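So that you can tell them apart, the chains are marked A, B, C, D, E and F in the order they are listed, and the count of residues begins at 1 in each.
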Amino acid sequence: MNKNIHTFLGCDANYEESEMVLFGAPYDGTTSYRPGTRFASAAIRNESYGIETFSPYQEKDLTDYQIFDGGDLELPFGDPVRPLSLIEEFTANVLKDGKFPLMIGGEHLVTLGAMRTVVKQYPDVHIIHFDAHADLREDYLGVKLSHATVMRRCHELVGDNKIYQFGIRSGDREEFLFGNEHVTTCRFDFHTLDAVVEELERKQVPVYLTVDLDVLDPSVFPGTGTPEAGGATFTQLFDALQKVTRLKVVAADMNELSPIYDQSGASTALACKLLREMMLMLMK
Amino acid sequence: MNKNIHTFLGCDANYEESEMVLFGAPYDGTTSYRPGTRFASAAIRNESYGIETFSPYQEKDLTDYQIFDGGDLELPFGDPVRPLSLIEEFTANVLKDGKFPLMIGGEHLVTLGAMRTVVKQYPDVHIIHFDAHADLREDYLGVKLSHATVMRRCHELVGDNKIYQFGIRSGDREEFLFGNEHVTTCRFDFHTLDAVVEELERKQVPVYLTVDLDVLDPSVFPGTGTPEAGGATFTQLFDALQKVTRLKVVAADMNELSPIYDQSGASTALACKLLREMMLMLMK
Amino acid sequence: MNKNIHTFLGCDANYEESEMVLFGAPYDGTTSYRPGTRFASAAIRNESYGIETFSPYQEKDLTDYQIFDGGDLELPFGDPVRPLSLIEEFTANVLKDGKFPLMIGGEHLVTLGAMRTVVKQYPDVHIIHFDAHADLREDYLGVKLSHATVMRRCHELVGDNKIYQFGIRSGDREEFLFGNEHVTTCRFDFHTLDAVVEELERKQVPVYLTVDLDVLDPSVFPGTGTPEAGGATFTQLFDALQKVTRLKVVAADMNELSPIYDQSGASTALACKLLREMMLMLMK
Amino acid sequence: MNKNIHTFLGCDANYEESEMVLFGAPYDGTTSYRPGTRFASAAIRNESYGIETFSPYQEKDLTDYQIFDGGDLELPFGDPVRPLSLIEEFTANVLKDGKFPLMIGGEHLVTLGAMRTVVKQYPDVHIIHFDAHADLREDYLGVKLSHATVMRRCHELVGDNKIYQFGIRSGDREEFLFGNEHVTTCRFDFHTLDAVVEELERKQVPVYLTVDLDVLDPSVFPGTGTPEAGGATFTQLFDALQKVTRLKVVAADMNELSPIYDQSGASTALACKLLREMMLMLMK
Amino acid sequence: MNKNIHTFLGCDANYEESEMVLFGAPYDGTTSYRPGTRFASAAIRNESYGIETFSPYQEKDLTDYQIFDGGDLELPFGDPVRPLSLIEEFTANVLKDGKFPLMIGGEHLVTLGAMRTVVKQYPDVHIIHFDAHADLREDYLGVKLSHATVMRRCHELVGDNKIYQFGIRSGDREEFLFGNEHVTTCRFDFHTLDAVVEELERKQVPVYLTVDLDVLDPSVFPGTGTPEAGGATFTQLFDALQKVTRLKVVAADMNELSPIYDQSGASTALACKLLREMMLMLMK
Amino acid sequence: MNKNIHTFLGCDANYEESEMVLFGAPYDGTTSYRPGTRFASAAIRNESYGIETFSPYQEKDLTDYQIFDGGDLELPFGDPVRPLSLIEEFTANVLKDGKFPLMIGGEHLVTLGAMRTVVKQYPDVHIIHFDAHADLREDYLGVKLSHATVMRRCHELVGDNKIYQFGIRSGDREEFLFGNEHVTTCRFDFHTLDAVVEELERKQVPVYLTVDLDVLDPSVFPGTGTPEAGGATFTQLFDALQKVTRLKVVAADMNELSPIYDQSGASTALACKLLREMMLMLMK
């Protein structure tokens, strides 16, 4: 008898044979409003057995692909310096081994850990950022490393005009002013996505895809710390991901599920389904 | 003073004078993921007093019709053989008395009990099936009688090309392959419904209507065991029902409400409203 | 050190310098189905710190306006006579001081308290009423003052053809019959709003705006006592408010949030956001 | 087929043959803090099927007694005047027919309705009052009829030294001062109960028993509007009821369950069990 | 990198080296009232990381023992015949390999599966049964295999006077009558436990220990399907287990946690702690 | 009209006239298991209006004392260095002004901030520590500043034999070994408290009192991140506080309420009541 293995549905490959590595980064230490995203990756793994391995959207099946689920990183809470280092190190190893890193947050700050190593390997990396919030603050109550500043820190890594935001419908005035100068922001929805994808496809640049699930409308995704009305439907997000994954995506994450705030389980179920679809899109 | 009568809002007729018989089939013994649909019919009866008898959509009022609420069947849990027999027997009596049987599940397997007697009285019966899930498995963990196999069992009763599925967005690969051969499946939504209704209207065939409420998007209906993103709005489902009920519907059911998973009560309230509308549509 | 001040986000003005006065009317004593709106104003104040003062929709910021938050009126429960008097008196004072009263309910009956003084100051006042329910009953179980009769009582104040209802999708037959004769009802949505706004703009009449948040679909707003499927999206309601606030609105309210029924907090968060947007629209 | 009868477990008698009449008084219109007791009687009826008719404590079975469940009175909300009249009238009829009235609240104010008729038939009635709160205010925010004043109003009916309170651990200073003069208060627990029962037994006086379930510790009964730490265990309350029911109890009530606040259902289950035990104690 | 292993805290041994085998039997198909125990073993595994491996009660540490966590059996729902066979087979293998089987239910019926093989290996096995409910029905709605009949079925396996029940405070009259004849029942608490343990110690008989967690008072353990007031405290149950485990216990189970009904998590946390203590008691 | 003041019930004094200063420290950034104590102080303030100012236990009334409620400190999340400094600074000011600081956490780490300044002013300060957990780890996942290490850090401030722990029933082996050498630990309950109080009374030393509310049993206090069975009742804790407050307590805190985990509100209500009692005990 073997020890009890616990992975996301259908992610049964060994590390060596795998093309994609799924892992959890259960850190939410800087969350300023309502914490709980630390529980996301475990919840997604548990609840994934409520969905199927087969996608009737893409006519593909997870069982036809080699995906390794590395479980969750063991991250201390409090000061984010060490969690970010641990994420960076893990992601670097996955990239070094020629595999695709797919991270489940945690709060959005975890993206910075992954980006720190991605930008080393792909200096010209562009970021596609789906979110309700701009996350472009210089600091938050004097703190530089925060879920609310993560895109500002990423901007420091990649430079001007490399970040494309979609679905943004919240931020303070300064964030929008900064955004106007330094990043490309599509407010409220995805209406400029076709043009952006076309441009990046032409440029052949590597892309990091970060999906803050609160880009979705709270009606379809109430299970998040800062629900923000006026967001995308599941189908709109699905379609947007279809477009983005035509690009040369080199790493990705999905974050900000806070399962405890949606006791119906519908938010976690949606995250599971979306993760399945993202994996099937990204595995060419 | 009379004993305390408890019926769905406005369903005050005696059995003898009634044209339609509403009854609950509170069985969820084979539910493989999250149980709870056993509580649906009681919750619907309780919460129906939060809505009105009048429909501003149809300009009709429940108080103008003769509907009998027979309460809930007393069904044992565990092995589904006996619950299905009890449902079959009750439905047979209602049909024999020339009344319309309208069943509230329970898990979707309860449909099989009703269909067993409907197909005897109406050998040419066709099934209109609204659902997120194909329910076409041959067996589930070796078990033949399951919520996940109910349409496969119904197919054995009615034969090829008599089942029309709408809204289907989940299933394993084999279910979709089987479906391609033996039933008519409209994935994701109702875009082929007009054509199907037109065809069945021309054929003048009797129709059994089974509504798995998870055909709705989890945003409007989170109170179900396996919420599946990407479903219908209330208005889309309402419009679809308007079309189907132009046909010669001889029996119907509504199932898979699991009230406990939606503590806002919105799912149960929607089921109450939809049940009122279905009754008003079906009472010609 | 000062005492702990607690206001809605960004409403930091003193009474004297303010142009708008926000206040809570936490009364739900006649709620016949599920109570809880008494907690709305406190919840909105608490949770407002999860949103921003800046609106990317209107490119305006609450910090640029002078709004005073007067806290909650201290209202007894039970008989509504005294609560309505206290609301009337407070609103009268605000109007007398030349400020805009913006009330947070509470159940919808609180509107009557405000309207009693508004109609004295503005005898030609028209009412724009967003709601799922007609609220036009003559009485409810023999009671004249009820959330279910509030628009009937308002009709007695303003007379025929001065009330414009939108989004109405529930009521008994008599309410709709009365409505056909005495008020202007747009069922289900806002499709006649453009015409109404144009007409009232031409007439230059003062307008009282009352927003029962259950005009929204329960998917986006489950946190209310009587969720009624088939309602508006956030964007549809936002657009409707944009139109109405072009008129000469002299007072307004937002009511029927019942925070306890939406444990995700999304309903309260939506109410906070909508309140910010309404304030920014109404502050010219 | 008969209409769907819905009673408390084992209360299947007709009115005529019954010795005891159970009925619900679902009014909570004056509840100042957290409403919800209006749902108690329906919840108790629904959930009673989770317990047995047999009591291993008393070796008695509900099926051996004739109890009629009259369902719930239809009470309007808001002003308590009419609800109290309806309760008074119903109780009067039951007493007139020589049956024992057992009322399920609702908020504690419902006791006043019953007491108004009990005191007419039994002018020397004494009240045994189990509660966490003294309920002896003269008024509450200027309102005389309130859950917080109910024992003060009862005192006006029965006069000095006829009310015996137990378990009281909350009240304002004035209530305790009034209590010291006019009623007999046992703070925190039941330590004086033996003496009181002995005295009343000797006096042979009729007794009205009112049980506010928040006399229980919130650990065993969290499902109430104002949980007050430091209360009784189930066994302590059971033992106290055993003692009181040796007296000539002529009517009784059990109130202040608010099922929504205990999502585990344990509070409602306890109320069901206690109601069974009370009925078996009171049916000599 | 290894696949993600998921075990109960501190149960890290391989099967071969282990002395005790922990496994889940997530079946609740016959639960007649409120289902949900199927989620217990997964919840216990997940939440065990909130406690410590060290017991300050026993001054022992889980890390000093060799315990293997075999994960959950994959059990179909519906008819209990096959689930019971799978449990029997697994338990038989563990016993054959000379290890101690410790099963986490699921509903109480799972005990029957284990007992079927235990009684073969230990024909003189006695059962110590902690429970709120007698579970001695002959059948439930005509069904023989049910959580409500499990001890009756066990009695058929072991014969008269081999079952010792403690804490029993619910059952119908027939169960108690049967119990008086055929088993030894200690109602309400553990007051006869010392004598029973002394007797069984003298007899040197093998013992099967089955702990239905609803023996606990709902105040300390609300997370169960049928909470029954008047039960044991944690300390009382802990002390009772200390006594029983002095006997020659050959197999054991812990069942009826239904995590969904206690959203505080306290019930699951208690189950984790109790499981740790039971393991440390049973590992001599 | 004044701005909306929001304080704990009855704490209406100005800072200058006050003898005691209540303030919140809503930080839970290092919580390793289930966060949420950041919401405690706001919840306590909100819900305090459900209790009375008068204590029937002590025959005292909050309105007779001068207590200032300073609201909540504005603390960033993530790295705890700055939050601890802000707490230290605030506490220092209160002490400097000759007032009694009473802090509401937050996680238990906040105690360290207060103790840093208390030990400066009172070098001989002793700590009375009520808790379920020893909190004596040297580090937690390599992190020195953590809720799980707070008493170890306090030990570094005050030295050996100055910390007295009560109610401790969880910790790893190393914590208990350290405790045996350096602090005085009373496991499980308060049985050594009388002796300790007598000793400290004799020594006349200043005392810092820190109450981790999880010292209570989860039955009476489920609203905390790590519920640990086998704790104190409300009355036991109340009695223990009565004893401790006979000493020369110079500052105190109450922490680890996590209101979200107890949806009944009973935990928050208990915290409010306990806070009232503590204030009345500490105000001589």
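Note that in this section a residue touches a chain if its C-beta (ideal position, glycine included) is under 8 Å from a C-beta of that chain, and two chains touch if they have at least 3 such contacts.
Keep in mind that this is a model prediction, so the values were computed, not measured.
Asker: Common contacts of chain A and chain E?
Answerer: B, F
Asker: Would you kindly count the fewest steps from chain C to chain E, each step being a jump to a chain that touches the current one?
Answerer: So the least number of steps between the two chains is 2.
Asker: Which chain's mean C-alpha position is the greatest distance from chain F's?
Answerer: Chain B.
Asker: Can you give the whole-Å distance between the Cα centres of chain C and chain F?
Answerer: So the centroids are 42 Å from each other.
Asker: Per the centroid of Cα atoms for each chain, what is the distance between chain B and chain F, given in Å?
Answerer: Computed value for the inter-centroid distance: 55 Å.
Asker: At which residue positions does chain F touch at least two other chains?
Answerer: Residues 217, 219-220, 262-263 of chain F each touch two or more of the other chains.
Asker: Would you tell me which residues of chain B are touching chain A in their complex?
Answerer: My answer: residues 33-34, 168-173, 176, 187-188, 217-220, 222-223, 226-230, 261-263.
Asker: Any idea which chain B residues touch chain C in the complex?
Answerer: 49-54, 56-57, 61, 217, 219-220, 234-235, 238, 262-266, 269-270, 273-274
Asker: Quick one: which bits of chain B touch chain D in the complex? Just the residue numbers, please.
Answerer: My answer: residues 1-7, 14-15, 42, 45-46, 68-72, 263.
Asker: What does chain A use to touch chain F in their complex?
Answerer: 28-32, 35-36, 38, 74-82, 140-143, 145-146, 260
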